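What follows is a pair of complexes built around chain A, which joins chain B in one and chain C in the other.
Take a look at the complex of A and B:
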């Protein structure tokens, strides 16, 4: 089959459908959000069309900078934890028999079917004093008395890593399966231990995949707003929680939209930076 | 499905039948008397179901006015819809159950048709706080339902019930409280003002509000959970994980009746009484019917019925109801309640919200 660049309008037809979908369900809502972010909030009412920067001005404060900083930090830590856990896991998984792989993948996919609410409530029970895992540790004699592990940063992190882990594995899996096994074999014949071969051959060979996975998990984690509420204290609330507060409870759409636009811009900036650094590293 | 298609029914016919079925399901649940009718907006879910089942059929029987109940969203979305519809001369519901803040916001645009109290035989039974007035004295709405938020405790952890909201500030309760997460639904500023500043009038000035915020900041170390989701707190309260906090009096009573180790206490400063009003949209032409409806709902017997069946606190004086002491205690208290300062959430909502968020998140 020869691939030719499209010549006539009809040649573009196959992409018309996705293009329309993208426009209707992404471009238009996003443009609306940007427009609303400049509208004027009417306290005690709703909003009226206008062009003003007050919503962005309100956001530019130390308080919101801290919340934004925390949200980004949390998302980065979640991404790093997920990749650190998922990389060796997926590498070992890819070396298992076909049957075992299927069982593991189905189990992981079933985690994806759980909603954030269920994950949040399940972990809040597991971390509770009255019914949580510390009771098991007490029974085994490791701890003297049961205690609550939440609300805490650790609880939030655990919940979010648990939620993002299946995605991480599913993104890493194809690349790792396709990795040429002769690479590691060569390393082993040249005297590298399995661990050394993993770190000096497998990880560098997968560098692009790892970067892409980090970015994906980062963005996924950034949108989380339920788990921080269920498992954390108010200081662990992400910017998404505050956006929800403004949109749903305060009816302040313009301010909520401005915060959301800001969050998107910062995210895009970070992703671009990562891609840029990655390309530079490759050129060197 | 394939069998039906083979029987010669066209695909369109099947679709048509489906549509007809769907529209039957979507039809108003109660629509009997044809000549007179009233569209009534009620909070969707529990309230609408209870009203459809326990209240509206009797109303239609007694007055001949058919009720079409409309599920309205809580919060301000319904107010916005009513306002926009009224500008176009439409009323998605003639009469609606509105929160107090929404009442004030509607007043600002003259959305509510003033009510003629001389047409309400039961007007004299109402408690004053359930008559919502425009600044110039016209009546904008009449109390529909009310409920209490009180101090709740786990009985296994607290053998003796607390007596005052001061318990929230007690250093002994460090990391033990569950409180509502929003300034506009926790009403903790009012609680602070009533407990430590002599009453909610202390919140009239910005200095007063600042002082209340400062006092409230002292509660922070005691709070383990700031909840938006009621189930989250209720579960923790029952298990004793979070043994104290603020919660709905009626729901706590039901949980206790189910055998859970929880209790609801009216502190000596009073429980927080929140409520909804019946209000008539100015775009509605059903003024007569609306007055009949409001009068019917304000009858002591109907208010008693609501207390028994829906768990709301009566909007009429206690002595005119036939509630027993036990029934009354299940939904209310004789202690003077803390009435939220709804006006603040209209005029200063953004400022209060910002201060509040900084207080609990910062």
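Take a look at the complex of A and C:
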């Protein structure tokens, strides 16, 4: 059957339901959010329609600049850690037997699907004084006394790397599986050690993939809304945490919406960058 | 070299498993404490999920939400991906993009969009609003698996059916549907598991009227720990692992995750 353009009205019927659903329940909510970002906050209630830039003007404070700077820095560190850990892992994974690959993929998907609430709870338990990893160290005689490792920046970073690591592997996986195995074979035949072959052949061949993955993991980490709150101190709160906080606890919807719009702009800019890098990669 | 590789995999495996091992240990404490290594052994905290009405209600709320929203997500994704496969209509790709957008953006944004939308339309807090919100949020997953499934269909099969006089409806039922079914199931499974675990969208839409399990765990985190949180966590991990293993057993997981080269091996 040839693919053909829809001709009669009935040909359009199948797309009607998805189109309506996505328009009504995604495009319109998105537009609502943008509209609300210009509204005026009402004490105790929600908001009243208005057009003011006050919500955006609040960005121009030192506090907000700090939060933004910290969010970006944290997401960059998480992205770099994840790619450093995941790149050799995925490369080795892709060369394992199919059966072993499936087992690891199931494990990674299971961790990836875990709620942030659950990841936060699990790590806060692991880092706690009563049930934490330090108890194991005490049992082994490495430490003299159990202590709490949170709240701290290290705890936030560990939790977020844990959350983003499976995602990183799954983003890298398709590109690495498709990598031509003869590339490394050639390097090995010419006398390169496996490590040398990895760094001089595989990594340069994947340069664009790595850049794109860094950006995608960065966006993923920007979205983390609970871990900084559960594992860190208030100075470790990110933009996503602040949006949740303003929307839910301070019930300042217009300001939350303005921050969300800002976050969308940052994200979209980065998605465009990823697409650009990806296209350049294909052309090369 | 092999030893080095194995060591690396053990370290990563430990990193992934360690929090879950500790949580599993905490979940079998005999008394209501979060001690590790556990003091005593008891499975009563697993029973608590089903016996304590608060946790049981949360479990049922989560299951209902996941079952319905995953079904709705598939119902949106199937006609859309079929249309894109069957017709030449470049303008329709915009809907594919709209389907993928909520999942690509930080989740807080979708959540806030939904919150302002339901508050403006006056339905804020109704349980069904969470079903629609989750379906839109997770429509990406069936959309991606189904698009993959449709590209894998050999068009000559469809051509043969058409030559022999089958119309679109018959072709869909007898040729396309059986071929696409594994992809429908895996798309549903992905959306189901993620919906079960989702917190922020559910919280911002129905957080004050319905308590799903992640919301319940978060509230418990704020107002006093109990080992039930640990047993629920283990239940969730086990559920996800079972469902993804089934997907792997009846489908081609490496291929679903984008490893097209899997067939050449």
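Worth a mention:
The working rule: the second predicted complex is superposed on the first by the 238 of 284 C-alpha atoms of A that agree within 3 Å, B and C clash if a C-alpha of one lies under 4 Å from a C-alpha of the other, contacts with A are read in each partner's own complex, and residues count from 1 in each chain.
Here is the rule we go by: contacts are C-beta pairs under 8 Å (C-beta built on N, C-alpha and C of every residue); 3 or more make two chains touch, one makes a residue touch a chain.
Quantities reported herein were computed from a predicted structural model and do not represent experimental measurements.
Of the two partner chains placed by the overlay, only chain B lies in contact with A:41; chain C stays clear of it. When both complexes are overlaid on chain A, the residue A:131 reaches chain B and chain C alike. Number of chain A residues touched is higher for C, counting chain B against chain C. By the touch criterion defined above, A:230 reaches both chain B and chain C.
When both complexes are overlaid on chain A, the residue A:151 reaches chain B alone and has no touch with chain C. By the touch criterion stated above, A:92 is placed in contact with chain C alone, chain B being left untouched. Applying the stated contact rule after C-alpha superposition, one finds that A:248 touches each of chain B and chain C. Once the two complexes are laid over each other on the shared chain, residue contacts for A:67 go to chain B alone; chain C is not touched. Residues common to the contacts of chain A with chain B and with chain C across the two structures: 46, 121, 124, 128, 130-131, 230, 248.
Chain contact summary for the complex, chain C toward chain A: residues 1, 5, 8-9, 12-13, 15-16, 18-20, 22-23, 25-26, 33-37, 75-77, 79-80, 82-83, 85-89, 92, 95, 98-99, 101-102, 104-109, 111-117, 119-120, 132-133, 135-136, 139, 155, 158-159, 161-162, 171, 193-194, 197-200, 203-204, 207, 214-215, 217-218, 221, 229-230, 233, 236-237, 240-241, 244-245, 248, 253-254, 257-262, 265. In the complex of the two chains, the chain B residues touching chain A come out as 75-77, 80, 104-105, 108-109, 181-182, 184-185, 224-226, 228-229, 232, 236, 239-241, 346-347, 349-350, 353-354, 357-358, 360-362. Across the complex, chain A meets chain C through its residues 1, 3-6, 11, 14-15, 17-19, 21-23, 25-30, 32-33, 36, 46, 85, 88-89, 92, 94, 98, 101-102, 105-111, 113-126, 128, 130-133, 135, 139, 162, 165-166, 170, 173-174, 177-178, 194, 219, 222-223, 225-226, 230, 240, 243-244, 247-248, 253, 256-257, 260, 263-264, 267, 271. Residues of chain A that touch chain B in their complex: 41, 43-46, 58, 63, 66-67, 121, 124, 128-131, 148, 151, 229-230, 233-235, 237, 242, 245, 248-252.
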